[in-house]
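Have a look at the structure below before the remarks.
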Amino acid sequence: MKKLINDPKNVVNDAVAGFEAAHGDIVRISHDPVYIVRNDAPVQGKVGIVSGGGSGHEPLHGGFVGYGMLDAAVPGAVFTSPTPDPILAATQAVDGGAGVLHIVKNYTGDVLNFETAADLASAEGIDVRAVIINDDVAVKDSLYTAGRRGVAGTVLVEKITGAAAERGDDLDAVVTVAEKVNSRVRTMGVALTPCVVPHAGEPSFVLADDEIEIGIGIHGEPGRERIKLEPADAIVDRLLGPILEDLPFVSGDEVLLFVNGMGGTPQIELYIVFRRAAEVLKEKGITVTRSLVGNYTTSLEMAGTSISVLKLDDELTGLWDAPVQTAALRWGR
Amino acid sequence: MKKLINDPKNVVNDAVAGFEAAHGDIVRISHDPVYIVRNDAPVQGKVGIVSGGGSGHEPLHGGFVGYGMLDAAVPGAVFTSPTPDPILAATQAVDGGAGVLHIVKNYTGDVLNFETAADLASAEGIDVRAVIINDDVAVKDSLYTAGRRGVAGTVLVEKITGAAAERGDDLDAVVTVAEKVNSRVRTMGVALTPCVVPHAGEPSFVLADDEIEIGIGIHGEPGRERIKLEPADAIVDRLLGPILEDLPFVSGDEVLLFVNGMGGTPQIELYIVFRRAAEVLKEKGITVTRSLVGNYTTSLEMAGTSISVLKLDDELTGLWDAPVQTAALRWGR
Amino acid sequence: PTLDTAWTVRWIRRSAEVLAANRAALNTLDREIGDGDHGENMDRGFQAILPKLDALPDETTPGAVLKLVATTLISTVGGAAGPLYGTAFLKASGAVGDAEWVDAAALVSLLAAARDGIVLRGKADEGDKTMIDAWTPAVNAALSAQAAGTGVDVVLLAAADAAARGAQATEPLVARKGRASYLGERAIGHRDPGSQSTSLLLRAAFDVLATA
Amino acid sequence: PTLDTAWTVRWIRRSAEVLAANRAALNTLDREIGDGDHGENMDRGFQAILPKLDALPDETTPGAVLKLVATTLISTVGGAAGPLYGTAFLKASGAVGDAEWVDAAALVSLLAAARDGIVLRGKADEGDKTMIDAWTPAVNAALSAQAAGTGVDVVLLAAADAAARGAQATEPLVARKGRASYLGERAIGHRDPGSQSTSLLLRAAFDVLATA
């Protein structure tokens, strides 16, 4: 394991300190308990948006704290949900009197810890609601499992919901927007190489030199199936098929196409993936009107990609286009 | 070699087509010869800024085409300078009557091919000037070599020079700004793992499990020395020392600190690097007033980082802050 | 043997030792069908308890110790295991109340309350390939032993043995809760890490009794 | 033997074959002290020439063939080698002018002009560990042979042999131009890839003469 780290136990603390040093114009940091909060929090009268989860997916979530997106992010240890204390503290820090929304990826640990924090915050009189993100179509038979996982689609939920809160929507309306985005976005990923959790020091799984894992999770959890490496276009077709069938997306839809890098994949490859995905959508009569390409929901140094497709309408497009000013996503200001 | 590609020979073409599909709001693409040009080029009366070089360093340079930065980028084959034809065509496409600046990283191939293109463009009556970027302090004895290499500092030159052109500076003034930035920025990098050029199919160099390469180039060229892996803070100190001595940077300076990812390094590690670099600068009385962290000048999937420090003054800070709208760098609009 | 405050403290200390020793092994189990951090999570939580045990007031009850464990786990472990074990210890603490020691009947209540707490939060059934597959057999075995009129040592041993068998019995299962549920058939042949840590915890409870 | 248009075309075709066969070997040399693409670059350039050779008009001169090679290399190779070899062939073309065939004296001028073109663009001195270290000995050997009154075959053989020795002699050198110059002492022990491709090109020039 070769990493640019000091003590594996300090990875998150060191990184958060670096984030603070780099982005003091956008965020403030609480170091104990650890959370990242928008510089001007709490914004009076605005619904506060808090997300969080295990570290190792950067820029998710800290990179999305700022005007028009998240009010706070709570990073846990690498790939481990944060505990309730920092979630509670972050919730308090962003409460501007209009209530707080928790955006939670659907993992047992995240759900339970956010639940506990929400209970504690409610007990202190804060109106807290949660939306659980589960955009990953790789998980089958979700009725009989912990359900589908929350993966890269989370970025789109955070951006659009953040814009709704910023324009002044009340808590109910913000929840409705978040649920709407979650219900209209589908994602599937592939891994070419595993990642190495710093404290573990070993790869999270092993792939042969000619193998890839279709349907990989963002913590290196194995996916749907392990197959031989194929040309990029064939891999894209494998990812896009289940995505398009699931909603389903149909001819005439306008969509946002998001090609996400898992952390270790060169950008040039992400654009090769985007090319084919856009081509397939076009063949099906689906119009790509917005796009996002880059490392936005990563799994440390894993090589791989995920494709997300979000069915847009005028409201979602408008909220997507609204100004945002975070470390990792910025436009309009 | 596992990559999300189709035919290795089509890597650049496929990626450029994907870039076009994703960023049609910002750029237009010429496919034969291949170059990427700002949507509204040529901008009448504005100095055109063209850069380019081998592919594999994305988002450099295509990701920086757009308002406030480059007018065109010319991607060569992976790690291979483009030929004069596309450089000439891009130069013609961005000439708005005020002349064109070529921003060229200091590699023999880039310098020679841009030189030939400039000769051809001049022969057609376009006023072309070139600035050669050589920010890499890893190369010693530069008097007796091909000189220092142009590495990540190029991004800063492109941003600031682009802003100068956008505000209406004439060609002489734009050249002066570019040279000023180049003269005030210093960079050094480290590799933890090599990269694999698609057509080669083999790693560009071999590092043992506990070895790192200090002073690596952005094409996987070996660097100053190969040492055993050390904690991140110690590695940062090794990179920053030669940078600060070289200009030199001194107490009282205001700087832009840029921690660049080589492509395969998780963002969390880049922030660990940033933390220490900012700490060292602070100890030396140097103030970090602007920062940039991320994968901006990459070497395919290489794991590693480079640190760049740019000595700011009011003019450069103002130009840095000026609006920019490109695929990879965007603010103010 | 008496399950008093001293036993409770010894149990938790021994658990911390055993989890530290099994950190890598639990990580490996979790890497195979989860995300590889279960050993890390449990070790972090129990290490955080140790200094607090040292700072406990002289006059304290088993229930108070269990509550301290609960709150510390909740605030340091994270992941799925943090809230689940945290709730388990919280409910266990509630079950023993202010008593100065735990008799066999109270021990059964303690274990049942812990298990019920986990089910309340995690909604897992037996056979879902989770820590419940260690807890439920343990509770059942403890109940049988206590009903047969045995002492706390035999009850604890029965619980620990049943948990160990329960953990092993997760191996052939397909998971329906937790991260392993994403794997479908591919989870078969791997032991659930949470059931293994449960087995380690209950074994420690007996071991410190035997070695007191 | 005569160095006419047919020879020139055969030379370039053979060069394309030899470079394709040595693609990986040249990449490897370049990977060791550069960026690993020299074989790829040269192969791409010479493959691009082949269809153009087929399309040449019947009436053409050695100089016109060399010019076609030059422009094709310039517009397809990129990197350092593209402009350098491009300029070399351009100057070589200029040196032979409209002649229908190249005699020994013209051959020496051709080689010298090629070498001078490379120096003009790349500013390398002998001993800088570049392709010049193959070209300059080749030019000198050709000149000596021609001065001694030998035929074009002997002149070409002398050039090819000298280039081969020159390429080999780059191995102990520290580089002062090109990417290898960044390496300092670490370039020692590795052959310069451009000197090797020069040696291959000049050998091909002789070989197609011998086998005509």
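We just call them A, B, C and D in the order they show up, numbering each chain from 1.
Note that contacts are C-beta pairs under 8 Å (C-beta built on N, C-alpha and C of every residue); 3 or more make two chains touch, one makes a residue touch a chain.
Since the structure is predicted, the reported quantities are computational estimates derived from the model, not experimental observations.
In terms of the stated touch criterion, chain A and chain C have no partners in common. Rounded to whole angstrom, the centroid-to-centroid distance between chain B and chain D, based on C-alpha atoms, equals 32 Å. Between chain A and chain D the centroid-to-centroid distance comes to 55 Å (mean Cα coordinates, whole Å). The centroid of the Cα atoms in chain A and the matching centroid in chain B are 29 Å apart. Contact of a single residue of chain A with at least two other chains is seen at positions 78. In chain D, there is no position where the chain touches two or more neighbouring chains simultaneously. Counting only pairs that meet the touch rule, the chains in contact are A-B, A-C, B-D.
Those residues of chain C whose C-beta lies close enough to touch chain A in the complex are 27, 31, 33-37, 40-41, 44, 74-84, 121-122, 175-179, 181-184, 186.
Residues 2-7, 11-12, 14-19, 21-23, 55-56, 58-59, 63, 78, 192-193, 209-210, 212, 229, 231-233, 235, 257, 259, 263-276, 278-279, 288, 291, 293, 295, 298, 300-301, 303-305, 325, 327, 330-333 of chain A are the ones that touch chain B when the two sit in their complex. Across the interface of their complex, chain C is touched by residues 54, 76-85, 107-109, 112-113, 115-116, 138-141, 144-146, 149, 197, 199-200, 202, 204-205, 217, 219-223 of chain A.
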